[in-house]
Every structure is written in C-alpha cells, then in structure tokens.
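Below are two complexes that have subunit A in common, paired first with subunit B and then with subunit C.
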Partner chain A sequence: MEHAKHIIRAVLLLVIAATVFVLARHFAIPASFGEYGPYRSASVTEHAAREPMHGEADSCAGCHADEVDFKAEGKHAKLSCESCHAQLSVHVHNDQKVGDMPIPKPIEACGWCHEKLRARPEGFPQIVLADHVAENGETMTDSVCLECHNAHNPSE
Partner chain B sequence: MPTIPVSNSECGGGCGGAPSAGTRRDFLKQGAKALGASVATIILCDMTDLTKMAEASGATPQRANLFADGYDWTKHSYVYLVDIRKCIGCGSCVRACSRENNVPPAHFRTWVERYRVSRSGEAVIDSTNGGMDGFEPSQTGLDITKAFFFPKLCCHCTHTPCVQLCPVCASYRTVDGVVLVDETRCIGCGYCVQACPYGSRFIHPETHTASKCTLCYHRITKGMTTACVQACPVEARMLGDMKQVGDKVAEIIATQRVLILQPELLTDPNCYYLGLTKEAR
Partner chain C sequence: MGENGGFLFPNDLHILWQLMIVMYPYVTGLVAGAFILSSLYHVFHRDELRPIGRLALVASLGFLLFAPFTLLLHLGHPERCYNTLVTPNLSSAMAMFGFIYAGYMTLLLAEIWLVHRQDIITLASRSTGIKRTFYKCLALGVYDVSPESRKVDHGVLLILAGIGIPGAAFLHGYVGFIFGAVKANPWWSTPLMPIIFLCSAIVSGIAMVIILYSIGLKFSNRKIDAPCMQSLARWLWMFVLISITLELLEIMTLAYEAAEEWEIIGPLLGDQLAFSFIGIQIFLGAMVPIILLGIVVLMSRYLTDQIRNTLCFVASLLLLLQVFAMRWNVVIGGQIFSKSMRGFREHYTPGLFDKEGIALAIAIFVLPLLFIILFNRVLPVFEQPDEQLSTDTGTPSE
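Right, the complex of A and B next:
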C-alpha cells in the first residue's frame, strides 16, 4: 500500500469533479426544464395562462342580443363584431364595463372589405367607393355609407 | 518598543489555550458535514429528475396534469388551413392578431400579401403595414391576369428549423403541435429569425426576444379559436385538430388538394393552403 495516497488523491479529485459538475448542472438548469423535452415546460403553462383579449363568438350577445340577432339575419352574419369595433377586453372585464367600444369610421371600415380590388375574389360585393358615393348623389364624408346602409345588416 | 498584542485567532485553535482549542477544526468539520448533506440532497433531487426524464423519453405520455384546468395536450394536434381563393384582403385577421397579442407596430405574427401577376409571370407583391389597414387600389403598370391575397403566419412545422438551432433551448414545439418561444430563456440572438423559411419570426423591439405566432395558445387551450380565425369574415382561415373525430379541417386535408409552402425544405408544415399557385411562395 505504498502508493495508496496516489489512488486516494485521484479518487478524491474525481469525486470533487463529479460534485462540481452536479452542482453546476443543478444551478444552470432551470426548474421544469426537460420534463417533456429540451425546454422549460413551465413556459407552456405561462403561454396558456395569458388572458384572451377577444371574446368568444357569442360574447356580445350577453348584453347586445338585439343587435347580434339583427346582424345574424343579414349579410354580415359571419362578420365578428370585434372585427370592426375592437377586442372585448377594452369594453368588458370580469362582466363589468370598463370602457366604450370604439366605432370605426364607416368609410374606412366598409372599405377594408368592399373597396374594389383586382385581388379580391370575383363575386364578393365590391364597389369603387368614390364612384358609388357620387352615383348615389351623396358627398364623401366619414359616415356617408350609413346614409343608405346599416352597418350591422347592410341590406336594410 | 511597545509589544503588539497577538490575538488567539491568529495562531488558530492549537495555541490559544483551552476555551478556543479545536474551534477551527470543529467549524470545518461541521461545515463539511453541512456542505456534504446539501450536495447529497441536490444530487438525490437531480437523480429523481433524471429518472423522470428517462421515463418521459419513453412512448407513454408523461404527467397529464401540466395544465391545471384539465386541458390535455396529448389529445390535440392543431393544424391550420388557409383558403387563398376566399381571402378578400380585408386585414381583419392582422388587426385581430395585433390586438390579441399586443404585437408591436410594424411587426406581424400574421400578415396578408397581395400578389398581382401578369401574363408573362411578372409578379407585383405588396403588403403595406402587413395588410392591417386593408389594401388600396394601385397601378402596377403591368397587364394583370391573376391577382390574389396570400395570408401568412407561422406554419408550426413538425420539423422546425427554428427550434433545432436555438442555442439556449428557448424555442420548442409543444405536444399538441404549436411552436412557442420561452421568453425568459431567449437571448435574442436572432438565429431562429434567420432560420425560418417563412419569415414568421421577429425580434420584439422592447423585450429583445424572439416573437412569433403562438396559434393563440392562451385561447386554444381554453377551447376557443384563434383571434385571426374568429376575425375572418369569409372563413378563409380555419383552425383544425387532427385528433378530433369529424374535424372539418382534417376532412378537407384528407379529401381535397391542399398544399404546403416550400415542401422541398422538408419542414413538414402544419399550415395547409387551398388554391395555392406557383407564384405564391
């Protein structure tokens, strides 16, 4: 056992190296990392926990059943209320009204879909806004569309 | 010459007389014991984690209680369908996405491009503000024979270039097929932004981390649809789930001629297109 101390030293060094590795690993790897793959699985639930800004398709009907029914009868039935107005979160939070729902400029909002563009599918109702307004003897204003159309049910 | 008092501590426990004898030795012993115990605990904890990880790499799904609200991500596999022939280029999807996800100005998680193609194959492609403000009629100077709108978003690829090269494991693909970014780990190096062949990632100007479409993960895990799908007035965008029996999108994928973007890259996207044409890329 003349050289025992050399072996002890080597083993001791190995133990120290292993300990340092395990410690470094412990502190370098965040919690929940690697549970499902090479990522922090807590991140998944963090993403999932975010509060939705837009409501569900029937969110508006809770208070505005008349408008929703009126819209559902017409050609804007498939158009989400929030598409023209804004996300529900600016208006209602926890069933409490927190602010007014914005109303867009009709000439702008109608134009998003109905200004005539070559790239729109044929058969989708489109007009050259300026011509359409002139043809009907109106003058161009922000809300000129509402002179003849109801935005919620445009054929009315 | 004045004598300088020598404190006991300077010569350690060995020469300081009875009260302090062995103090340092005891201290070191206690310290070593405490250190050993804590290291052993850490090692034991890590060993348990490693065992869990080894189990997790097997075929059986792991802990089902990752989501507190009972959502089970092993029962979903999301797919997205865009029907180019239906898109009217209104930009409702872009506005909805921007509001839902608080997307910074001039950056887009989804956007709409307008393609106008002449007979000779020349294409004019524009996407002013991502299509958020709709599109204006404009002159191209070409004899346009074909024009269409082309909505784009993250394809949530099965074999994701962006996830593969993330140096800090900040990008990952969930069990239900959504590619997400862990913003607490992302160092903002931008490799993934360069790697994405579909241009669907950007570096957030405020957080300086990678940002992208999450397929509204906070909505779909609550049983809602994505903001863009909900906003689309012509059903040009649809969210599907390959693991739901009778799913409308799964049926379309199974029965119709759907295409994917840049199939030659073998990224295996989960965003399918109807009415794709050769100019669209």
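Right, the complex of A and C next:
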C-alpha cells in the first residue's frame, strides 16, 4: 500500500468533492422538491393561485353583445375573440375596463390562420395573401383585407 | 405571437431542436469516440496506438468540457442549469444527464491524471516558484515514481478504462436513446438508434484524432508514426463499415416493410434530404472514405508514408462531415415532416449569428481545439521519446 499513497489522496479528494456536492445539493434544492416526483410540488399550488389571464368563451358577451352576435352568424363563429385580440386581463379587471384591447393589424392577423402552409389541412381556406390581394385588384396595405371582408364575419 | 401565430394550429410547423441539438450529439460523439479509441491502447494494449493514447484522452476531455454549451445555448437561461445537475433522476433520459456527465467527467479526469502523473512529477521537480506549486498540487504532493507505484497506476488505469468503455457507450448510447425513444416520430423511433449513434460516434472520434495527430505533429515538426496511422486507418475503416451498414439496414427495413411511415420517410430521404442524406451521408461522406481507407488498409505495402497520411487525412475530414450530416439528418430530418404524415414544412436553414446559429456552432467546435493546445502547454499531449521525459504507465511490458 505504501506506493498507492497518491491513489489514496485522489480518492480522498473525490470523497471530499462528493461531500461538498451533497451538502451544496441540500441547499440548492428547493424545499418541496421530490414530494410527489422529480419536480417542485409547491409550484403546482403557486400556479393554481395565479389569476387567469384569459377569459372564457363568452366573457366578451356582457359588454360587446353586438360583435359577439355578429360574429356568431359568420364563418368565424368558432374563433375565440382572444385569439385575434389579446387576453382579457389586459382589458378588463373586476368587470371594469382597465386598458385598451389591442386590435391586430389584419394583414398579419389574417395570415396567422390563412396564409398558405403545407402543414395545414387541405380543406381549410388558405390563400397566398399577396396573390389573393393582387387577384382582387388591390394593393397590399395593413388593412386591405377589411376592404372586402369583415374581420368578425368575413363573408359580409 | 410569432410568424404563424404562436399557439394557433398547426403545431408541428416549428423546428424546435435546431442547430445546437445537431451539435450536441456530434460533440458528445467525439467525446465517446476519442475515449473508446484511447481504451484500445490503455485496455486492449494495441501498442501501435501508443502515440495517440494521450491525445485521444485529452481530446475527449476538451469536447466533454464544451458539450454542455450546446444545450445551454439551446435552452437559454444558463443560470438555471445547475438544477439538472443537482436533481438528476432516473425517470427521464434527459434528467439522467447529471449522473452521466459528472460520472464521465470524473473518470476522464482521473484517467488523464494517471496517464500524466510521471510527467507532472518530472515537471514539478524541474520547475520553480508558482509553477512548482502548481505541479506539486497536481501531483497531490506525492513524488513517487517507483516501478511499484507505476504498477499501481497501471492497475487503477485498467479498472478506470474498463469502467470507461461502458461509460462512453452509455454517454453516447443515451444520446441516441433520447431520439430512439420518441415513439411519435417514425424516423427516430427505433431501438437501433443508440447503436447507430455509438458507431458513428466512434467513427468521428477516430477521424478527429487522426486529424489532430496529423496537424499536431506537423506543428511540432515530428514524424507521423506509420504503424500507428496504419492501425488508426484499419480501425476507422472497420467502424465506418459497421456504421454505414447499420444506417442503411435501418432504412432498408423501413423501405421493405413499407408500412405507413415509409410514405413520408421515403420522400424525406429521397427528396427533402437528398443533398445531406444521399449526397453527403452516403456518397461523399461514406463511400469515398471507405474507398480511400480501403486503399490504405488493403494496399498498405505499396504506399509511401506521405500517401498514407494524406489518404487518411482526407478520409477523416470527409468522415467528420459524414457524421455531422448524419446528426443533421436525424435531428432536422425528424422535424421537417408532419407527425400526422400530412407533408413537409419548408426547409430549415440556421442563421449565422442566431443563438443557435452557425457562428456559435463553429465556436463550440473550435474551443475544444484551443483547450487541447492550452493543455499541451501545461502537460505534453505527445510523449517525448527522445527526451525520455516520461515512461508511460500504460505499457503492458512493465
């Protein structure tokens, strides 16, 4: 063993490193980690306690009945208002208007869903935005789509 | 919301695993490959490989040090990365990273330390001042170079390298497993994936060592050892053949079975990935080096050293490219088709200066090379036979 002194020292070093790691680990791991699985279980309650940002399907109806009814008549009936505008929380809090609801630029917003993409189902109405506008004899501007379509009821 | 509306459908439109996730298996492959090559010498006593025994280990360490950079760049938030390291667990292949990385790093450091211990002691006794203290610390204060101590070193080294081989196979097999276990993706989900990854890792590791060895000796004005190069070529040839056979076998099975996934994988390989798969992974990257190395192996008697070295060097460069293309085809190829087999998305081209861009990918590739140069300043990566500075501990005759 007398010629294995360096090995013993190396092993000792390793043991020290492992101990430091275990100690550091003890302090680095948050309290509720591992209670139910390899995650911090307190984060579940924390998230559950947060206030929802989005509203429900009819959460605009109370104040914008006109838009809601109008939309329900057309092809966009099934779209959520929030998918084009923004989450309810930026606009309304405790039934009071607290901020402006963003209005999207049609040329961008319509493209989110209608710009032609290979990955979309074939039956879905898709267009190449620029071609479609040119075919209909218009030039591209931010709100060109609204000249012929209503955002809430596109066939109108 | 992003270009296509973020959470709006369809959702398999985005390439989420980008260039850095191509780099990750590539770099860890170099780690595992170089390590396995080094154990051919340290464990299996292929003595003709002695000249690269250390280089392979140090190269492995260099790439291991920088492998996590790819993940850090991909994920962002490097300040949170300690979480994976302090909470490894066995329930997820990715969360095992902590165990595998730390274990492998320890092993590699220990092995490199043992291989260089004689040199450390010689350097400690030759130098003065801070330098001396530094080497003394590295030697852990023990200046024992007796034959008995070397015997001990040799024994420990054998055990470490013995653990290291399955370790390296694990490190890389597990990277392949991460892809192979994604059952929703027909192009990834095959039990063959870990083995394919491992074999191509060994190919890239040997190719890398050949290149580093050639360049390294060129700069130190020494001659390349012909038996060593010949042996490297032979091993490389064998592993390319195995690796390409497995890669083709997997595809042939898919094609022959012609199950529904072939409808999308066929066009994926023949059309979408025509350049990187057929062009690079199969022809330029595999067939050409197989011929070049075949010449070296089968006609070695008729070759001058210079021709042999050049053939090996060119073949190695092509193979590094091949393995990169293979990683690309797996990682990117697996994401450009729709998981519901509807079709393909547009091609993905990485940006130049993106977070997952080309410039950073090159940097991650170059940094390990700088590390090797730096390491060489502290401890010799190539043994110096003329100076008799050291006698390596790995030789079985001792």
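Please note the rule applied: the second predicted complex is superposed on the first by the 111 of 156 C-alpha atoms of A that agree within 3 Å, B and C clash if a C-alpha of one lies under 4 Å from a C-alpha of the other, contacts with A are read in each partner's own complex, and residues count from 1 in each chain.
Here, a residue touches a chain if its C-beta (ideal position, glycine included) is under 8 Å from a C-beta of that chain, and two chains touch if they have at least 3 such contacts.
For clarity, every value in this text was computed on a predicted model and none was experimentally measured.
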Could you let me know whether more residues of subunit A are touched by subunit B or by subunit C?
B
Let me test your reading of the model: by the given contact rule, A:35 touches which partner, first (subunit B), second (subunit C), both or neither?
first
If we overlay the two complexes on their shared chain A, which of subunit B and subunit C does A:58 touch? Say first, second, both or neither.
neither
Go through the superposed model and pick first if A:78 touches only subunit B, second if only subunit C, both, or neither.
first
Return first, second, both or neither, reflecting whether A:7 touches subunit B, subunit C, both chains, or no partner chain.
second
Just checking: does A:43 make contact with subunit B only, subunit C only, both, or neither of them? Give me first, second, both or neither.
first
Considering only touches as defined above, state whether A:87 meets subunit B (first), subunit C (second), both or neither.
first
So, A:23: does it touch subunit B (first), subunit C (second), both, or neither?
first
Regarding the shared-chain residue A:121, is it in contact with subunit B (first), subunit C (second), both, or neither?
both
Just to be sure I follow: which residues of subunit A are touched by subunit B in one complex and then by subunit C in the other one?
25, 33-34, 37-38, 83, 112-113, 115, 117-121
Sort out for me which residues of subunit B touch subunit A in the complex.
39, 42-43, 45-46, 49, 52-53, 56, 62-63, 66-68, 71, 73, 85-92, 95-96, 99-102, 114-116, 133-137, 144, 147-149, 169-175, 180, 182-185, 214, 216-219, 221-222, 224, 227, 230-231, 233-235
Given the complex, residues on subunit A that touch subunit C span 3-7, 9-10, 13-14, 24-25, 28-29, 33-34, 37-38, 83, 112-113, 115, 117-121
Can you tell me which positions in subunit C touch subunit A when the two form their complex?
1, 4-5, 8-10, 12-13, 82-83, 86-87, 89, 91-92, 95, 106, 110, 113, 117, 139-142, 144, 146, 148-149, 151-153, 156, 338, 342-346
Which of the residues in subunit A end up touching subunit B in this complex?
19, 22-23, 25-26, 30, 33-41, 43-45, 47-54, 56-57, 76, 78-80, 82-83, 86-87, 111-113, 115-121, 124, 128
